[in-house]
Amino acid sequence: MSTHPTERLSEYVDDELTRAERARVEAHLATCEECAALVADLRAVVAAAGEVADAPPATDLWPGIARRIAERSGEPKVVALESRRRPRRLTFSISQLVAASLAVALLSAAAVWTALREPETGVVRAPEASAPAGTSGTGTLVSDAGAAPDAFAEYEAAVAELERLLDEVGDRIDPATRRAFDENLAIIDGAIRQTRRALESNPNDIYLNTHLANTMQRKIDVLQGATRLARAST
Amino acid sequence: MQDGTRAAEDPLLALSADTSTPEGDLKDARLAAEGDTRAFERLYRGHSTRVHGLARRMVGYEEADELTQDVFVRAWEKLDTFRGDAAFGTWIHRVAINLMLARQQTRKRDRQRFEDDDARIGLAPVRPRPTESKVDLEAALASLPERARRVFVLHDVEGYKHHEIAEMMEINVGTSKSQLHRARMLMREQLVV
Amino acid sequence: MNPTRVLLLAAVAWGTLGATARAQTYQTDRTVETPPGARLHVENPAGDVTIRTWGRSAVRVQASHRSNTRVEIQTRGPLVQVGVQPPGHPGNPVSYMVTVPADMPIEVHVIHGNVDVAGTRAPMEIDAVHGTIRVQGGAGTLALASVQGAIVVTGARGDVKAESVNQGIDLTDIRGDITAEAVNGRVRLSGIDARRVTGETVNGSVSYQGSIRSDGWYRFSTHNGSIDLVVPADAGATFTASTFNGTLETGFPVTLREAKQGKQFSFTLGSGDARVELESFNGTMRIRRTGEP
């Protein structure tokens, strides 16, 4: 080899070359002191990086963090860590349901149901309210902080955005998997359609309202999973 | 069991990173998700060192404090998305990296600064220089061009793989590899010669 | 399954696969000592991963693969990473048999391949795109997700979180909280001893046989399917069953009161302490006593 394979030496150090390339590089290194020294240096750099030892920040940053968290504590902590593990409970104000002109309006006692947009993933998720202590049964009448008739529309917008995103990156998923996702999204869509139709004649039915919310959440979960898979595929 | 009270004595001794365990972290994360700030402080004590180290290496000494705070505040907001199936340290690390990369993107756009990868646009090293003759790793990092530095930190210091870095930074795997090589060559000049 | 048999089968499968008649199967067999607290991480784009346990503080990796791939075992701090260079793809699968200490936490990611884990007493995180996940054992937390494959777990002593999109979930003999979510598959839970259980699917049935603890909360939901609960005769719980088009059947000698809003039935058994919720849009919901047909 007349030229030095300098550009491949990092990959060589990281064991990322194919067997053939690796053999070529090693053959060169056996006869080239300069490159052999370079490899040793690169290894030293990697070793130094691996040995980085951190010291705690010089200033205690906790007070500042606590202050900023406290500023947010006006809002109740809406979603519990195990929100998917714990069975969900929603309580409603029936008068609010009736007042809202939509067929579906979902409200909770602990917080207004607002669509939260997560910047990193662009996913909208409906928070589940934790039942306040002392509520019993289902469908307890409560007063709440105010109707959120736009929440449903925002939810639909988020689903549309995820579907569009999946359209863009979906060809990175292999066809069989893509088909599986599409079939399952169709199943969920069918369930959503049936539930909405049922709601037309039973707009105040609590089960139907929560079932619709849960099923839409499922749809977002599956779309999110598919998008994540697509982005992870090279 | 620590109750997290902040006494006059050095809290770092009582709640240091040595005492944090994945199980303890998970319990604290659950408590914190419900609003328990003392539990969140325990998480802070256990993981602030590593997050701050990453912040220093990614954005420099000057902004590391503020960025570390931002990371923990963001983590507090996003605790509901921590499902406990990875270690809390791994999760908050990812939160930190996403935040840092997003911040730098925004700042770049705001200032309309064009990244010239061939130029050595470094971070101003404000930290007092060590007295040894050889430049230490952190100071050497500060002199790297931004993209090469980020790839080097993520790959060689933090242990991410190229495909993960490519996804996080929205570049090709090939670019990640060449930036890494570039960074190592520049670091070599600073550290080894 | 006998490890050698797995490798032989894999070798035969690869032998009949593929365009190149020249492709030969190579075996890698390497063992590395592992420090206490070590965790296993396996990434395999294509090929099955089988994990078994032994008494040594070491990880043994036996792999069956083509000549142009290299199986790597890297120890990075507490992580023992097993993977292949260059990364595999469906035409170039690697099948693994990994033997680990029983208390070693496990993380496995495969795209095209089945995962089979047996004998561990440790937490695990497994996800597959096209593949069945089969686990016997496990402790702590088991997080299992598959897109195109079923999830089958027996004998776990820890919390199980299972998600499958296109196939069913089968959990048997579990002592720990459960979240089982499917879209197009049934959820079958039996021999469960848990405080919190969620079993959900959209297109499929949900069945549960297990304890109803007085401090427990159990929720079962499906859109197009039936729900079948078998509970101890002395269970003390408040049952709520909701449906649009479906029915509720139970042999318990209780009065069913139709709630004011919609089709919702609730009744109380014994102390009424536990909470059991059933939801089926279209299907039949049954609550039986243990031993009842």
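Read from first to last, the chains carry the letters A, B and C; within each, the first residue is number 1.
In this text, contacts are C-beta pairs under 8 Å (C-beta built on N, C-alpha and C of every residue); 3 or more make two chains touch, one makes a residue touch a chain.
Computed from a predicted model, the values in this text were never measured in an experiment.
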Most centrally placed chain - per-chain CA mean versus overall CA mean: A
Of A-C and B-C, whichever chain pair has more C-beta contact pairs: A-C
Cα-centroid distance, chain A relative to chain C, in whole angstrom: 21
Between chain B and chain C, centroid-to-centroid distance (C-alpha), Å: 34
Sequence positions of chain A contacting 2 or more other chains: 16, 82, 84
Where chain B touches two or more other chains at once, by residue number: 83-84
Where chain C touches two or more other chains, by residue: 161
In the complex, chain C residues that touch chain A: 68, 70, 72, 85-86, 90, 129-130, 147-148, 159, 161, 165-166, 177, 179, 181, 183-184, 196, 198, 200, 202-203, 217-219, 221, 223-224, 240, 242-245, 259-264, 266, 275, 277, 279, 281-282
Footprint of chain A on chain B - complex, ascending: 11-12, 29-30, 33-35, 37, 40-41, 44-45, 48-50, 52-53, 57, 64-65, 68-69, 72-73, 76-84, 98, 102, 137, 152, 156-157, 162-163, 167, 173, 177-178, 180-181, 184-185, 187-188, 191-192
Of chain A, residues touching chain B in the complex: 7, 9-11, 16, 38, 41-42, 44-46, 48-50, 52, 54-57, 59-62, 64-66, 68-70, 72-73, 76-84, 118-120, 127, 130, 231-232, 234
Chain B - residues contacting chain C, complex: 83-86, 159
Chain C to chain B touching residues, read off their complex: 76-77, 125, 141, 143, 161
